[in-house]
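Two complexes are shown next, each including subunit A; its partner changes from subunit B in the first to subunit C in the second.
Take a look at the complex of A and B:
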C-alpha cells in the first residue's frame, strides 16, 4: 500500500484509454455547442427584429446622401466657396447641369424636398428654376438663375446646399435639439417660435416620471395585499390585476375617453351629486391629466407584478422578529420590510418608466394639445412630413436617453439587484 | 438526348410563362382609400361595376392619408398597392419625388357630348401623375340644439367665443386652419395665400388662432369631429363635408353646415412607382373617372365630381333619397366664399408651419 503511494501519479484515463481531462473537455464543449445551438434561433430573431432596425435607424439619422448624389457637380463647385458672397458663374453652370439631369430622371423633386426641410420655400424655387433651366441651351446661367428667382441671390440658399454636401452630417441631430447652422457654419438656436423638441423631450421625461410615481404609489399597497392576504382573496385580487392586463390597449384607452370626457360618466356623476355645476364640468381628457391617468392604469400591472413576486419571497417572520424586538409596526415595516422590496421597486419603476417614455398610442388618442409626447412627433415625421432623417435622430436621442438612465440606475442601485421574481 | 432536353426545357418555360400569365389575369387589384362612408361610395360606384364588367377582383384597403406607406413600399422595392386615393398636395409631391407613375391622360374617355377629357375636367384637376375624382371641402358645422337664438353664419362666428360660447373642434394641423383664421379676420378668400406668404400674415393667422386656443379640442381622424359634435364635447367643429352629410342624413343628427369660408381640395387616383398591376390600374382609372361613374359616386356621398359633364347627372342619395346637389361643396350657393387649398404653398411651407404650429400647440 505504502509502495503504491510512492509511485509517480498516473494520468487518469477513460475506458478507451483517452486522458480523462481531454474527454471531459470534449463533452463539455459538446454541451456548450448544444446549448448555443438552442439559443441560435433566438439570437437570429433578435438580430433581425431588434439590432438590425435600430442600427439602420441610427445610420439613417446621420447618413444623408441625397444632395451629394443628385447635385454632384454643384457640391464639387461649391467646395472652394467661402460663403461670404453669392458664388460665381461656374457654380451656377454646375447647378444648371445637375438640374437638367435631375429633371430628366425625375429626381430633382427629391433634392427639392430634402432642401426644403432645411429652408422653407426652397422646394418651389428649385422645381420652378429647374423647369426654366431645362430650356436653356447654354450659359451664362447666373443671370438666368437670378432672373428666375431672387432666392439664388441670397447667401443662405447656397449655404444650405453646401451644408448638405457631406454624405454624413449631424444636421438632423442639431434640428432635434432645436439648433441649426447659420450661414457662417456656427451652431445657433432655432428661432423662438420654432423651438419645439427640447421642451417636448422635457415634457416626455416629466410625464414618464409622474406616471412611474403614480404606478408605484398605487401598485405598492396592491402588491402588499396580494403577497400577504390568504390565497382565496389574493387570487381574486390577482385576477383583477390581470384582467385589464389582458384587455386590448385600445379598448382601455377608449373606455377612459368614455369615462373622462366632459359629457362623460365621471363628469355626469360630479354634476349629479352637485360637486360641480353644469357649467363647471372638469376637462379631464385631451390634456396632460387624461394622458397620465390613462397611462397609469395601463402600465400599473408592470409595476404590480415584479413588486408582488419580490414581496412574495419576503418571509413574514422578518416583520414578526422586528416587532418582537420592540420595533413599532410602522418602524418594522419601514426599516425591515421596505428595504427588502427595493429590487422589486427598482425593476417595476424601470420597466414602467422605459415603457412610458416611448408611449405612443395613448397620448395620441387622449393627449390633446398638452399631453403629446416625443413619440407622437416621431410618428408625425414618419407619416406626414416624411422627414425620416429627423425622425431617426429624435429616436436616436430617445434611445441614448434610455441607455443613460439605465446606466445611472446601474450606478445607483446595481442591475444585479434588479429582480423580476 | 440533347433534343429531348431542349424540348422539355421549352415546355417547362412555356408552362411557367403560361402559369405567370394566368396568375396575372386572376391577380386582384389593390385599391387603397380613406375608409368609412367614402370608401363605400367608391365600392358602390366604381369597384362593383368594374368587377362585374371585367371579372377582375378588387381588394379595398384603408389608410389614413399621407405618402409614408407609398414611400416605404417604393424604397423597399416591394410595392403591393396598385392604386391609391390621395390629396392634391401629396399627388404633386409624390410625383416630384418619383414615388408615383406618370399617367398618360389620353387614356381618359371623352365626355358623352364629345368634349375631350382635358377640357371636361375642371381646370387644375389633372396633374402629371394623378387623375382627380372628387372635390371635397373642409367646412364647419354646429349643433342646432345648442344655439336656440342667433345661429353662426360666417367663418368669423366660429372664432367668436363671446357671441357663441362653447368648445370648438379643429383638425390638428396648420393646413386649412390658418386659412380659416385669416378669412375670419377679414381677409377676402382670394387674397388669403398672398397674405399667408408674408411673415406678418402668418403672425396674424396665429394671433387669430390664439384668441380661441383655450376653447379648441383637436381632432385627427375624419370620423372624430361628427362624433365629438354628437357627444356634446364641442358645440361646433370643422370637418369634411361628406362626413357631416352622412351624420345629417343617415344618422339624423341636428347638424348645420356653414359653407362660408370653406377650403376645398381634390382627391385623386395615383399609381405607386412599380405597382404590380399597373396596366390594370390604368384601365380602372379610365373606367372610374368617366362621366357616369363620377356622377354615380355622388349618389353615395356629398363630394362633387371633377368632370363638368357629370354635374347634370347628379341625382338623389341612394339611401335616403335626399336631393344631392344642394349638399355639394360646388353648389353655387355654397361656393360663394370658397377657397381652393393651394398645394404649391403647402408643399413649400408645410415643414416650417407644422413646426411652428406644433410649437404653438405645446406652449
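Take a look at the complex of A and C:
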C-alpha cells in the first residue's frame, strides 16, 4: 500500500537497540544538564546575594503591614466607615485601645512615624493624644480625642489611617509620582509645593541625556582619531582613554573638586589669565554643571571604547570611493562614514545612558542642591528619613527603567559585548 | 578625512580642518587625562591647599613635600582601611573568579538552555544601579546579621565582580578549540585533568583579566560599603576617601589618590599585556 512504502523499512537504532531519535535526545538532554550544572553555582550565589535581596527590598514598596498590625482594632472598626464625616464613638474607642497597647509595647512611635510620612504633622498628634488617652480608664473617647487635638475632627486624618489599612497598597508608588488619594479615595496630584519626585525623575533623565550627548560629542572625534591613526600612535593615545577608565571613581571625583572649586585650579587659571576678575570666580562645582562635567569625563571611556571598535572595522576605502565619485569631503563623511558608525553610537550611548541614570557617587559629592539625581533621593530615604517604603518604590521605578534599557541593549548590541576596554 | 596624514595636494580648507581637528582632539584628550595629572603634583604640595602655590609653579623645592604621604602612612584609620580593602578585594576576587569561570564554561557550550536569558541575569549586577543593589543588600544583611562584617562585604563584592569574569572568560572561550578537550578526553584524561591541563592554560589570560576587573571593582566600590559597614573598623579605602571628601577634605586624600592612580597604571599595563598576548595567540594583529 501507499502508506507502507513511504515508511523506512526499519527504524534506525543504536547498538543497544534503542531508536536513534530517543537516544540522541537523551544525549543532548544530558549535555544540556551538564552545561546548566556549571552555571548553577553562580546562579544560586547571585540569587541569594543579589536577586533575592533586591526582590525583598522592592517588596517593601507594596507591602506595608505596619499600621494593620499595630492598629488592628481601629482598622477593623474603620471597615464600615464611609469617609464622609468623622467616624463614631466605636472607632475612637478602638483607636484608644490600640493606642494604650501601643504605649505599653512602645510601638506607637512606629505607627506615628509611618502615618507622618503620609500626612506631615500627624506624628505629634498621635504621640500626644496617646499620652492623654492612656490616662483615661473608659469612654466616651470621642470627646477626649477631639479635645486632645483638632486633627481628630478632620476627615483626612481618618482617611489616611484607613488607606494604610491594607497590607498591600500602592500608596508609595503614588507618592513616587507625586500623587495621592484624596478623602474620597480618588487619585489626585500633590499640591504644587509638594511635588518633588516627578521633577527629580525629569532632572535625572535630562542630566543623563545631557551627559550622553556630551560623551557622544566628545567621544566621536577622538574615537575617529584613534581608529585612523597608525597603530603606534593610537596605542599611545588609547592609554589616555584607558587610564581614566581604570582609575578609581572617587579619585576622579576628588580631582574634579580640586579643579573646579572656586579656589581651585581652573578658576586660578581663569583669574591669572585675566578672563575673570578675582571676585568673579565661577561656581563650577556643587551644582548641576559640575556634576555633568565630572560625569561626562567619568563615562567618556564607555562611549569611546565601543565607538572605536566599530570605527576600526570601517574600511578607509569607503570614504575614498565616495570622494572619487565626486562627493565633497564632508558629504562623504556624513553620507558614507557616519551611517557605518551607528552600531557603535547606539551601543555607546545606550551604555552611557544606563550607567548615568543610576549614578549616585558623583552627584552626591559634587552635585550640591541642583545636581542631585534620583539615586541620591533613594539614599536619602534609606539613610536619613528612613521612609523605606518610598525608597523602595522610587528604586522600583528606577529599576524598571534601567531594565528596559538593558533589555534594549541586549536586543540591539548583545550583552556579552559590554565593552571592557 | 580618513587619511591619518595630510596629503600634499590638500587645499587651505583641508589644512585648516586637519589642524583644527587635531587641536580639538588634543583638548578632549586633555579633558580626559587632566584630572588624573593635576592630582599627582598637588599631592606633593607643602601647603594644605588644593591649588598650585607660587613656590610650586616656580619649581622651588620648598614648595614641595611628602608630608601628606607621611600623614597617610601614620594614620591608623587609613592603614585599617587599606588592610580591609586588600582582604575584601582578594577574597571577593577569588570567589568571583572561581564562580564566574565555571559559569562561563557552561555558558559557552552550545547546549546551554536559555543562554541569552541566563547570561543577561548573570551580567545584571553590572547594570542595576548600585544604590538599588546596596539598599537590597542592606535590608537582607540586617535580617541575617551580616552588616558590619568584612565577610558580608566580601559576598556583596563577589556578586558585583562576577559579571566581569563571566564576560572576559566567555569572550576568551569563543576562540577556544573544543576538539582540544575532546582529544584530551580521548587520550584518557578525566574532565578535571582536561580542565586543568588543557582548558585552563589556554583561557588563563581571560581569567586573569576577569580577576583583575573583579579586583578593581571591589577595590573601588563604595556605595554598598556605605550601607553595610557602619563603623570605621570595616571601612575600605574608598569609604575612607568618601568620609574624607564629605567631612574634612585634607590633602592626604590627594596622596591616597596618587597611590591609587599608580595602582591603576600597574593594573592597566598588566591587562593590556594580557590582551595583546591573547590576541597574538589567536593570530590577530596586536592592537
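The rule is short, and it goes like this: the second predicted complex is superposed on the first by the 356 of 421 C-alpha atoms of A that agree within 3 Å, B and C clash if a C-alpha of one lies under 4 Å from a C-alpha of the other, contacts with A are read in each partner's own complex, and residues count from 1 in each chain.
Everything that follows uses one rule, which is that a contact is a pair of C-beta atoms (placed from the backbone, for glycine too) under 8 Å apart; a residue touches a chain by one contact, two chains touch by 3 or more.
All figures in this text were calculated on a predicted structure; none of them were measured in a lab.
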{"item": "Subunit B versus subunit C as contact partner of A:127, first or second or both or neither", "value": "first"}
{"item": "Contacts of A:263 with subunit B and subunit C, given as first, second, both or neither", "value": "both"}
{"item": "Partner chain in contact with A:116 - subunit B first, subunit C second, else both or neither", "value": "first"}
{"item": "First (subunit B), second (subunit C), both or neither touched by A:32", "value": "second"}
{"item": "Subunit B versus subunit C as contact partner of A:382, first or second or both or neither", "value": "both"}
{"item": "Which partner reaches more residues of subunit A (counting touched residues only), subunit B or subunit C", "value": "C"}
{"item": "Residues on subunit A lying within both footprints (that of subunit B and that of subunit C)", "value": "261, 263, 382-383"}
{"item": "Complex interface listing, subunit A residues touching subunit C", "value": "28, 31-32, 34-39, 41-43, 45-46, 49-58, 60, 218, 221-222, 225, 228-231, 235, 237, 239-259, 261, 263-265, 268, 297, 300-301, 312, 316, 318-320, 329, 332-333, 337, 354-355, 357-361, 365, 375, 378-379, 382-383, 388, 391-392, 395, 398-399, 402-403, 406-407, 410, 415-416, 418, 420-421"}
{"item": "Touch list for subunit C against partner subunit A, complex", "value": "1-4, 14, 21-22, 24-25, 28-29, 31-36, 38-39, 42, 49-52, 99-100, 102-103, 105-107, 109, 111-113, 116, 118-133, 135-141, 155-156, 158-159, 162-164, 166-168, 170-171, 213, 216, 219-220, 222-223, 227, 238, 241-242, 245-246, 249, 253-254, 257, 260-261, 264-265, 267-268, 271-272, 285, 287"}
{"item": "Complex interface listing, subunit B residues touching subunit A", "value": "64, 66-68, 71, 93, 95-98, 167, 172, 216-218, 220, 231-233, 344, 347-356, 358-362"}
{"item": "Interfacial residue positions of subunit A with respect to subunit B in the complex", "value": "105-110, 112-113, 116-117, 120-124, 127, 193-196, 199-200, 203, 261-263, 286, 364, 368-370, 372, 377, 380, 382-387"}
